[in-house]
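See structure below.
Lettered A, B, C and D in written order, each chain numbered from 1.
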Amino acid sequence: MIIVLKPGTPQSAADEILAQIAAAGLKPLCLPGTERVVLGALGDERVLGNLHLENHPAVERVTPILSPFKLVSREWHPDNTVVRIGSVEVGGPRIAVFAGPCAIESADQMRRTAEAVRNAGAHGLRGGAFKPRTSPYSFQGLGVEGLHILRDVARSCHLPAVTEVVEVSDVGVVQEYADAFQVGARNMQNFRLLTALGNSRKPVILKRGMAATVEDLLMAAEYIVAGGNPNVILCERGIRTFETATRNTLDLSAIPHIKRVSHLPVLVDPSHGTGVREYVEPMARAAIACGADGLLIEVHYDPRSALSDGHQSLDPDAFKGLMQNLRPFIEAAGRTA
Amino acid sequence: MIIVLKPGTPQSAADEILAQIAAAGLKPLCLPGTERVVLGALGDERVLGNLHLENHPAVERVTPILSPFKLVSREWHPDNTVVRIGSVEVGGPRIAVFAGPCAIESADQMRRTAEAVRNAGAHGLRGGAFKPRTSPYSFQGLGVEGLHILRDVARSCHLPAVTEVVEVSDVGVVQEYADAFQVGARNMQNFRLLTALGNSRKPVILKRGMAATVEDLLMAAEYIVAGGNPNVILCERGIRTFETATRNTLDLSAIPHIKRVSHLPVLVDPSHGTGVREYVEPMARAAIACGADGLLIEVHYDPRSALSDGHQSLDPDAFKGLMQNLRPFIEAAGRTA
Amino acid sequence: MIIVLKPGTPQSAADEILAQIAAAGLKPLCLPGTERVVLGALGDERVLGNLHLENHPAVERVTPILSPFKLVSREWHPDNTVVRIGSVEVGGPRIAVFAGPCAIESADQMRRTAEAVRNAGAHGLRGGAFKPRTSPYSFQGLGVEGLHILRDVARSCHLPAVTEVVEVSDVGVVQEYADAFQVGARNMQNFRLLTALGNSRKPVILKRGMAATVEDLLMAAEYIVAGGNPNVILCERGIRTFETATRNTLDLSAIPHIKRVSHLPVLVDPSHGTGVREYVEPMARAAIACGADGLLIEVHYDPRSALSDGHQSLDPDAFKGLMQNLRPFIEAAGRTA
Amino acid sequence: MIIVLKPGTPQSAADEILAQIAAAGLKPLCLPGTERVVLGALGDERVLGNLHLENHPAVERVTPILSPFKLVSREWHPDNTVVRIGSVEVGGPRIAVFAGPCAIESADQMRRTAEAVRNAGAHGLRGGAFKPRTSPYSFQGLGVEGLHILRDVARSCHLPAVTEVVEVSDVGVVQEYADAFQVGARNMQNFRLLTALGNSRKPVILKRGMAATVEDLLMAAEYIVAGGNPNVILCERGIRTFETATRNTLDLSAIPHIKRVSHLPVLVDPSHGTGVREYVEPMARAAIACGADGLLIEVHYDPRSALSDGHQSLDPDAFKGLMQNLRPFIEAAGRTA
């Protein structure tokens, strides 16, 4: 940790801070420059954080040397983590594709859609029973009834099921019905929910928040892993920027960055990432090309009738085309379909 | 609602959409232009939303005419709403200042801080018992013990108490101990929490999310009001942008905008908005100057020892100075201190 | 064009605006809704812009139906445009790769770098003689001497040369020495420069500004094409967002979007887009996968000695690897290397 | 300067970098930590920049201790700079207000507007002759004819004149006709223009770019001052964010930040900052409240007929009201009107 002092700070203030560092069991260093005094503290910075040196009035700024996350970092765990959702491995050689509607609307809708995605080669089924909606007047999901439908359809299609959990009190029921939890962008920093998921052993697909840096995302994953659940899969789904041509700005550079700093597998959701049906396939290809371990794709057997996100959902034919066109890119990336 | 069709759309597709509009009980309109066919639908657009016309493959885009919120809009409720927190009116002539530490750390810390802010003229006490923290290794708050401390200190200082609620299951206990709920930026779109707060009648201070537009904020408020709780106070606390000189970018233009489109009172939190102790006072002044109804300010009796956000907390002297220096700006704004 | 009037607007104001629309030779429409009066104007909206209806105090907002660009739009020109830089076609089946150092530093540096990129399979040489630098104390480029070096080296290596132009008064000399102009992100809205380039017939690689929407980029291209120069190539190079793990946020979704709304070819610059050497290759692959027509890559024979952007420059071996690894992705995309 | 090495870097690489630092005449320091080796370099970091240590493959990141600007920094020049535009002092006790239309449209328009703003108490006249416009089909300004009109009207009203310069070749003619240059947001990093203005002694109002940090703005100012022109006035006019309720997001926190790190005076432009007529006055008040030295306000004698930016222009009555209502805020800020 590097501590830059304000200009004109008296030596006594520097000494006071150095003493604090030493008292915490770390090695203090003083680097008197020509315009600024800089202090250093050698040792485990995560302990050092509790000194709150940034509060000191003589301190201009504190720069950590180490990343604030540990369990999810590649430095501490050099090998890739592979997470199993049912029989599907995420983070291994095979590109994992989870597809299905935004919201579970009916048994018929789920069955038709699930059969279509399975026949096209999807490895898992997704669908939301608890829907976070911007407007209180929009369809809010079928709740537990939706979970029933999801489990029934997933079983009959032999696909593992992924669904979103939005509340601590729902963790139990979702765990019972689904093969993996999904945490949506709006809940990425719902720390109570993350803590609850840390107590489970079911896999968690953790989506990046709209205003979250990759570091924020990894800190959120650290909550779950630190709680005891190592089965975390990250998901890039676009961040909010000034560009309005797409619903969000899909930050694909986050993929090689995450792969460098973390050992966790990472998916990409080009449906939410772009919000435009026509851009889903090209961005799915790009995601695989830059190293993603898999995809989340919104598919509806009849997007025109969808109760949410129909404009970004693929119909069965478009999804089938995507899966076929993806194949050469998967091979080019040295992965398997 | 205006529906722009893709170029080359056949008349049959336009007719199909017009029929859908009519079937929903709205008045359909067809405006054939030279390069595009544009359709219109006259009537309550909130009903129209359920048609999901944006899903139709012939539709290029759908532009709503009316705002998606209703109960919180000034159009439907032209007069300013005044919300009472204990004996403090927010949204009336008096500028309401809520001050206190980021986190409740101990009875001693709260007592010393509460006395300081009361003596300086604050109208309410703030302090967090449940703390959302980016890192699982940071101090997470004292929980219910903190609520005890908050209530005891607030009562003995005759100040109403405001504290953050982060989870549906805590709504009951927070309601018991505090005079108002605070919903933090990270929970602004925790719709289950908003729904739960809609069932209370205690006031809710709803902070704007880091990636939330003002429209998103008003939609979140609409959840609470639609649930039955009209006592919502909005709070601007900075959004996330590329600028790193300040912790967030305090969007003060949101204040006159909110005042124009909504009847709800609005506070500003210059502590989180800037993240820099020295900028809290100038931005507090600016907030009053552009029409805010009050302030949330982080104060700690000894910021150097603070367990969170000490770098942006004022000490008692600085807060006293702020309150004194604010007075002429409050008068200039035609309000009372 | 759709004109939404403020609530409570008297009919006389609506009539006045309708008369203005009619007087401009367009067809006026009045759509009286239950909560708002909406007006329409059918005809060429680019003419309508001169009415400045948004200035009218009764107007709440004006929503254009058509895009503000015309010559660069695919609607007006459905076929892909192919632009030739020397013997290299950009926008045809072959993926075009332009590589070279950020700045021209010496004849020796250019020669070594140019030979390396040619041997690895690059189709064109890039290098800056006029460098826009954030700091006045940084290396500002060799100027005309740099152009000399660029031309000599490019000729001896049989590669066309691309270099940045930053000023109207340099257009002549750059045109003399280079095979294509590059307009940097900071000059994307230097309209005088765009106008000057519209008077040339040399190709222009137009980079997207850091705060520019795709629509802004296309409007900048429209300046050049409207001036008479149809040879415009767009380039995505990252936008500025809150994420700091990468220098910019490479917005690859812009590629399918540009391809849909415009006929112009588009390159991607993953070097500036990420600012991190290790992320250049994965993002180059992703760019090809989502439809880019080519790449701009920073290569230096010895990045450690580079006077600018060395941290994001590839060395010859890394570039050779990139070109080899790109090949299967180019084939997967149905293009040729 | 602090240099963090990658994990596992051999001592030989560290020694090599330390030798480079020493060879540059600076004091090298080695801080071997438990997880990372950190190096330090004490001395003038602006010299150090030329070592390009960030290019070294063993370097993870380089953190400067000092700000990259010097001449514009308060550390090097603790007293406030006061810049005179004609007879108007900017940065002294008096709040300076420059008002006028976005574009000079005719002698009549300027005269009517100038008289109105002078009578309302404005201290200077603004108006654009060279207009940077997003669309090539929009009104581009009257050019030199506009400068004639501006000077004539300004003289007859006894107001100093401010106008935008967009091109190096126009610097001479603008200098002849105007009392101060304005550099627009799109040209903030037009370094050739900044260099040309450094050769003048006329004051320069430098507007912040839409994607520029305050540090970028100060580096742009450093170009002008380093060139020999100390008469630089900064101007905050809004940055680009995801919020679309306002044209830009006016970053008023930048005002106290600039005042802390720089000695230059700073204006605020609430017209471009908000893009909404109704928000100009409240944001002008807020600007004064947080420490701005003055304002740039768009006023048109008849905004409905304005050829550009009419929707954000005040009419004479509204401007008169703004000036009157501003007075108590100016007094509250301890300034004079």
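Please note the rule applied: a contact is a pair of C-beta atoms (placed from the backbone, for glycine too) under 8 Å apart; a residue touches a chain by one contact, two chains touch by 3 or more.
As the structure is a prediction and not an experimental result, all values here were calculated from the model.
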Considering C-D alongside B-C, which chain pair is linked by more C-beta pairs in contact?
-> C-D
What's the chain with its C-alpha centre farthest out from chain A?
-> D
Centroid spacing, where centroids are CA-atom means, of chain A and chain C in whole angstrom | 31
Centroid distance [mean C-alpha coordinates] between chain C and chain B, Å | 39
How many angstrom between the C-alpha centroids of chain D and chain C?
-> 26
Going by the touch rule set out above, which residues of chain A reach two or more other chains?
-> 211, 239-242, 244
What part of chain A is in contact with chain C in the complex they form?
-> 211, 213-215, 239, 241-246, 249-257, 260, 273-274, 276, 278-279, 282-283, 285-291, 328-329, 331-333
Write out the stretch or stretches of chain D touching chain C in their complex.
-> 46, 49-50, 52, 54-57, 68, 132-140, 166-169, 186-187, 189-192, 195, 209-211, 216, 219, 222-223, 226-227, 239-240, 303-307, 310-311, 313
Any idea which chain B residues touch chain C in the complex?
-> 2, 4, 7, 29, 31-36, 38, 40, 42-44, 63, 65-66, 75, 240-242, 244
